Every structure is written in C-alpha cells, then in structure tokens.
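Could you have a look at this structure, given as structure tokens, before my questions?
Chain IDs A, B, C and D follow the sequence of writing; residue 1 opens each chain.
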C-alpha cells in the first residue's frame, strides 16, 4: 500500500502534539478560571452570609451611614451601613480619574503626535517606572509629603479624599496614559494627513480628528484606570484617614471599601458578623470590578460599531 | 461591468487514461459563516503540470486554493464541503490527518513569510521537527532546496543570516525552498509574485518552470501574462465558480465562454 | 518550552519530596495573632530556638481576631490575642486555655502643641465622644481636637474603650490599624489625640497623666492606672510537647524579668493585682 | 486667537504636561533615594533584622524577596504562557471566551488583601503549606497571572498570522508552530511583561502578610539542602519579604531606628524595581534586535 496514503489515514505525531498542546493550554486557562471562580465563590459565600445568616437588610447595608458592626443600635440591630465607604470609594475614583485624564491624554498626545522621539526616549520609560513603584512606597510618600502639604494649604488634618485623589492620580496615570497611547496610535495615518492637507493646524487635527477617532479607546483607558483606583488598598488606606463618615468635604477623613476591609480583616473572627460584613465589602468590590469590565466591553463594542 | 451567468461554463474533460491527476475536486463549496464563497468547483489537476487559477479579486480562486490543503480549517467560521481526491483519498474528510497531508501538499503564500530564524533554520526547522537529526542530510537538504529555488548562489555564504534580512524576492524564494525541502507532491502557490518587483517576479517564474519536473504546481495569479507564460492549464474563476477550464493556450487564444474572453482581453478585472 | 515544563515538573517533585520530608525534620509549632504581642513572641522564640536546636517556632501576626479564630479552628498551636477570648464575639472561650505572658499598659497620647499635661478620665472620654472639640475647653491652647482612633476590633481599642469610654460610643473619626501610623499622625497633626501602648511612647508625642496618675509600669502593677490589658497566648485544650515547653519558657521568671521588661512590656510576675475578663480586680 | 497661535499655545501646554510628569517621577525617586540611601550600607544589606534593637539589616528579607519572586515566576510563567496561548490561538470568539477574559480581568482588579486572605485559607490552612514561601508564591501567582496572561496573549497577537500559516503549511501543528516560531518572535514583548510583573511582585505586601508571613527566621547560608528548615532554599519556611518588612516596621516596629530602616529598605526596594525596569528595557531591545536583524 501507498505509505503516504497509509500515513494520512493515521494520527500523525503532529496531530498528537496538537491535541496535547491544546489540552495543556486548556488546562492552564481552566486552572485560572477555576481560581477566579473559587475566589468568587469564597468571597460571595462569606459576603452574602451578612444578609442571609446575619439577616442584615441589603438596602440598609447600601444606604445607611453608620459602620459599627460590633455595636447594636437602639433596636438591637448591628449597624452595618456601608454608604460612607461607597461614597468614599467612588469619590476618590472619579476625582482621580478627572485629574489624571487630562494629564494622561496630554502625555499621550505628546508621545504620539508632538514628539514621538522624546516620548519614546523619556516619557515612555518614566510612565513604566511609575507603574513599577510599589504601592507601599506611594502610601509612604503620600503620608510624609502630600498630607502635610494639604494640611498647611487647606487646614484640617490633611487626611481625606483630596490626599487619596493625589496618590491615586499618580498611580493610575500610567495605566490611562499607555492605553491612550495605544488608542491614538491606532488612528490611521491618513486621517491626520487628510486634515493637515486641508490646511488644519496640528492642534486642530489632534483635537478634531485624532482625539475624536480615538475616543472609545481613551474612554476604555480611563475606565481601566478607575477600576485600578477602585481596588487600590494600601496606599489609599495610608492617606485617606479611615473614618467611616460620609465625607463632608475633600479634606476631612473619609474611608474607602478597601481601606476598611484591609484594616479590619485581621481584627475580626472568621464567621462572626463583623467579619462577614467586611466580606460583603469585598463582594461589593468584586461586583464593581465586574461592572467596570462590562463598561469597558460596552465602550469597546460601541467603538467598533462606529 | 456586466453580469455573467454562472451556468454558462466549460470544464474540459481530461481523460484519466491519458492523464495522471495529482488532485481532483468534486463540487467543492466554501462557506464563511452563512456566506457561500465558492459554489461547487470540480476541477482536475494534472501531475507535473502547472495549473493557473485566474480571475478578478473576490472571485474565490484563493479561497478555493486554500481549501486544497485545508488551510481554511484555521479560519474561524469557515466550512468546506465536497470531495478533494488525493491519492485516492478524500482529504476533505475528518479521518484524514491534516498535518500529514500538508507535508505532501505544500503552500507558498502571497506575502513572503519566512520565520524569524536563520536561513538554514528556516529550511531545516520543519524537517527537524519531523525527526531528521542527521547534519549531513540537513545540509544537503538546504543546499538542494535553495538551489532549486535559485537562491543558493546568493546566500550560501550567509546561511546563518536571519531570513528576515533578505530582500522581498529573496524571502519569497526562501519560502519556496522551505516548502520544497519537505519534498511535497503538490505545491500550492497563492499569488507568490504579487508583492514583488518585476525582476524578482521573473526569477520566481523561472524557478517554477524548473520545479514542475518534480512537482505538481497550482498557482493563483492576478497576472494573466504570468499565467500564459508558465502554466499548462488555466481555470478562470468568476464570482465563486470555475467558469472555464482548459489548456492555457486555448484559454488565452480561443476561450469558449464570454466571461473568460472579456477577462483575458482586459474588459474587466 | 519543553525544558520549562520539565523544570516545573522537577520543582514540583522537589516540593512534594520536601513536603513529605518536612514532618520528620524536627518539631515545629506556629503562633499566630496579635501584632502587638508578635515582637515579644518572636524574640522569645528566637532565644528558645538557639537554646534548643532542631525545634522551630513560627511566629506570625495577622491580628487578635485571626489569632483567636485560627486557634479555635485548631489550625495553629498558639493563638496570640490582646483580648480575653470571652470578649471577642464568635469565639467559644471555654474550649481555649489562656496563658498570660505579659501586660501592656495603654496611654493616651496627644500632639505636643496642645499644651495639656493632665486630663481627667471624663475629659478623655468627652474628647473621644466629640463633646470636647477644642483643647482650650480642657485648659490647653486654642486648637481644634482631632481624634485618631484605632481600627474597629483591634485589641488596643477594645481595652481603651472598656476602661475609658464607660459604655459610651466614640464618635466616628479617623481610624488607623497600626500603632506606628497612629503615633506618626499624632506627632505631625496639631490638636491630635489617640492612644498607644506604653512602649510606643517616644519624644515625638506627649503622654498626659490621667487624674494625676502618670502612665508608668509601676502604676499599672497596682491598677492605679486602669488602662491595661494582658497579652494572651491561647491554646486549644491543655498544651503538650513543644507548645507546653515554649509557653513555660516564656512564662518563666527569667524570661519575664529579662526579655519581657526589656522589650517594653510589663512582666506578669510584676503584677500586684489580677483582673479577669469581667473586669473584677483581685489584689495578690 | 488665530488657529496658529492656539496651535502654538497647545503645543506649549503639552510640553508642560510632559515636563510635569517627568518632574513628578524625578521628585518621587529623588525623595525616596534621598531619604533612604544614607542608611544603606553593606552591613544593612547583609545582616539580619533586629526585632527590638537598633542596627538591624535587611539581608534575609532581601534574599526572601528574590527567592519568593523566583518561585512565583517559576509557577506563574508556564501557566500564563499556556493560558495566553489558549486565548490567542485556540479560544473561539464566543461568549465563553468573553466570560473567561472578564474573569481574568476581575482577578487583576481584586484588592490584593483579598487574594492574600484567600491564599491564607486555601494554601496555608487547607493545603497545610503553613506560612511559607510556597504559600506566598502561590498567592503571588494568583496576583500576577492575569497581567502575565494578558501580556502573553497580546505579545502573541502582535506576531502576524502569516507566521502561523507558514508553519501549518509545512505540516506542523499549531502548537509546534506557536511554541517554536511564534513565541520566540514574541519573546521580547513577553519578557518585558514578565520583568515588569516581577517588579510588581517584588513590591507586593498585602498578599504576603497572610501567606508568606511576617517573620524571617535566621537562615543558615551554608546549608543548601532544600529540605532543612534553616536552609535558605526550603520552600516551607516562613519568609518576610522586603515590602512586608517595610509595612511591618511602619506599623508595629519598636526598633529605635525604625524610621531609618524603613527609609533604607524603601530605597533598596525602589532600586530593585528600577533595576527590573532597566533590565526589561535593555533585554527587550537587545532580544528584539537579535530576533529581527540577525
């Protein structure tokens, strides 16, 4: 019989390698997904216990503003109102995004449109270095530099949302910048050429053509940055003051979901209400992270449709 | 441009007694999702001959070519039906080992795609993976295939140079050498010269003429002069269908179908 | 890639082998919990290990809550806590055996600029409930009061609230979960008030006296200074083996007088009173 | 203002923005190094920490940081490669892949203390690894995997599809083509991502407090048998890393020179992260040149 014909009707070594490779990679991804599911399950089971085992009203949890799980109120109910932390988390997240976005977009335009050479040689490494600085160090600097500055300029203790915003601004700047750079780079060259050929100045080209075309990408970057800010714990915890109070202004101590979670988790007993309530905060963080991701996807889809 | 009927077709019948076929296809259809890109093509490909597939862009000729060694398998959402007979087996069926089959039906692509490896490794990479470890055999293989691809004289002193450092035409010949190092039966070429300058093109054409002693070549080309110069048979594709198949000479002098006539005489395309 | 996978397999094998071999390489115990107690236990463990080769005592922090819940689950051999197990919700104290290894006195600290050297317990309480908002109300400078509390559930806070707040709730204020942070915030924030263990008081902050009693070890031993707590090392049931030996070692008079005192804790042996979890004081 | 002068003005603004960012980094680095470098000495880098006396060093912590990093990279790199290959090469474009991607993204935005506690309950207690380098490495793996996987996937996608077709047309499997052709070509990008990830791992504290632990028992640097408890290589010993050490002395340190140790350790940490970055840049560029130019 024809040996080639014979070989073709049997499984070749390549086919076996392929099957094995496919399996290996599938196993890797499955493992990761399993880990994520395990964490999800783990956080959800503890976080939901607050509502099912300890019978806390979900609405109270989201809307009340006293966070004293260990202390009962006048009716004998534990006080687990997470509103101050929710407001604090959203506050620092949005404010830092608002401050960071102009800087990030400016830096990205500088790197792609104004001076790609300087951008590549100086700004790019600078941005990457900012990513690498550990959050402990950011917190340390925030505590020893930013907080005193705020205290001297605005009065008060210096701790609060403003300090958190400054620290987070530096921390999310690299994320937003590098994603904006990618978005700007993906705008086809002929858009720019067309605008310049029509007599537009460089800035007109950038503001009317390039930025507009890159908008979905930039938005994705901003949301990514916000997701990062929302989940950041150590650095924010060191400068925000950790007071479970509804923030009155930007310079009085406030708290975020992560800061309360991080500082309280070691002091509570597994399975107790105090502990479960903290896991509810973690669950909230997870859901928010999911929401941010869905938002990014949605923006991406919108961008594609255009 | 006018519309031509897809039913108006002429496929020359080659007598199996007089011609030996490398591949024959029967009612091959290619779908991308719900879209049928190739509508039931049946063609014979004679052994040790060059068959050219010509036609306008989007006529389905490249898609059809890619289904001959099942490269479309890797495109998500694509599906090929019909028979592709090779050595008496329908290679479009599930029980064929597609990797083994591709060793015998090789392919050269439109854009040169050498690996980011040295010239030597570009050629020996696949044979080594298939178990050939003997240095002298590999050396010999490199020399022979580079000679066949008319590249040996230019690179023999620099075999450790990266394949990507070669010029476009040289890269494409390296890809041809890489394909023939596998000693395939059939070589599928998807517009191998379209990205190249005229001088490189003519070198590659010369290479093909020499290769046809040992290989069956099926080439997709946009360039009608090229088809006329090098091929023995020509199939004209129009709108996902093979409209006319005949000896090249006849296609270019006395086409039987109006669409072919209009295309080869430059009225559309 | 293949090499990489091979390497990975090799390493996991080594780990497995190590896993199997580990149990046989000498005795080892783990103590987890209170970060306030951690330095002492660590130092004691270090000395014990250098005196007794081949044993291994693993000391970790994580907070009193972690210590108590882990010892309750039997996941570790010793659970360190700043609080009586009875004081912590979610802990069945009856199953745990208490070993008191040291006493920690807790003192209020204020920023040096407030100009107050003495407070009454009532004043201190009112500072934390928010009834006193300016230092001039207690005879200090015209500075707004900035309360820095400890994290909810921390042992230091529980002790402080128990002996100062008299059942009142402190106002919601800035909270910090670590002593070092509290001290540096009080040191740098005008008008700040908080509380730390005696050993953390340094010249960057001021520790006022309370009803005329100064925060000294001497006053703690007689209960004249009431804000103090035991440092507990809990075991699940009576300790055995290495755990027992190590606990005896750390409670021995030699260690109590030398190490415990040197590290800024008050030796249990120096106490002239005893106090139970309900707060009843018995003079020795 | 005319369009021209607006253009000039905006260009100036953009230069200013770029300048501010550069100054920001310079200020950050300058501050940390200025505060910390005076405390860094050979003695500081090599001697063990002291729990309540002055004069402690960070020798063991430094070693632990590197060993932990190595171990977590050994675990996470193959996994990330496998998962990245799956996403770039095999995953179909459907809802399931979307779910997988979202799951990975979520893992990357989890606060690390949650990862640490999960690691504590699963690795330390459930699997019985105790407070150990191994538990820490596994927790760091969870923390590091999402970014590495994304990086691998992106790097693989950067390599044109033509390379895969070239391999497939020679009768090679997709897997072989990816492993032997696509990955070497994507290596500079993958490597850069890994080294940047390493920097992040190096600076991580919260995930390690509950897994690798906060104590650094004395090590016997003459004993390289990974099964001995005092051996530096033993993956089952607790290991405080540099970042955790900084966190610990800042929170409960009673050493008289805690502030100095903390500043010095921060400077060392930053220098290490800087070194990772420079290495990533230099190594990536070199590899890239070698792969393309030949």
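What we mean here is this: contacts are C-beta pairs under 8 Å (C-beta built on N, C-alpha and C of every residue); 3 or more make two chains touch, one makes a residue touch a chain.
Here the structure is a predicted model, which is why all the values come from computation and not from measurement.
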Between subunit B and subunit C, the fewest touch steps amount to 2
Chains joined by the largest number of C-beta pairs are A-D
In terms of mean CA position, the chain most removed from subunit B is C
Per the C-alpha centroid definition, the whole-Å distance linking subunit B and subunit D comes out as 48
Subunit C and subunit D have mean C-alpha positions lying a whole-number Å distance apart equal to 33
Between the Cα centroids of subunit A and subunit C the separation in whole angstrom comes to 34
Chain centres from averaged Cα atoms put subunit A and subunit D apart, in whole Å, by 18
Each of the following residues of subunit A touches two or more other chains, namely 12, 14-15, 18, 262, 265
Subunit C touches at least 2 other chains through residues 35, 61-62, 66, 73, 177, 181
Contacts with two or more other chains occur in subunit B at residues 99-101, 130
Interface with subunit C, subunit D side, in the complex: residues 51-52, 74-75, 77-78, 81, 125, 130-131, 134, 179, 183, 209-210, 213-215, 217-218, 226-229, 234-236, 238, 248-254, 258
Subunit D partner, complex, touching residues on subunit B are 69, 71, 74, 76, 99-103, 106-109, 111, 113-118, 125-126, 129-130, 160-165, 175, 178-179, 182
Subunit D partner, complex, touching residues on subunit A are 12, 14-15, 17-18, 20-22, 24-29, 31-33, 35-40, 42-43, 102-103, 106-107, 109-111, 114-115, 118-119, 122-123, 125-137, 140-141, 145, 170, 173, 200-204, 206-207, 227-228, 230-234, 258, 261-262, 265, 282, 285-286, 289-290, 292-294, 296-297
Per the touch rule, the subunit B residues reaching subunit A in their complex are 87-89, 91, 95-101, 104, 130-131, 185
In the complex, the residues of subunit C that touch subunit D are 1, 4-5, 7-8, 11, 14-15, 17-19, 21-22, 25-26, 28, 30, 32, 35-36, 38-39, 42-43, 46, 49, 56, 58-62, 66, 70, 73, 75, 177-181, 199-200, 262-264
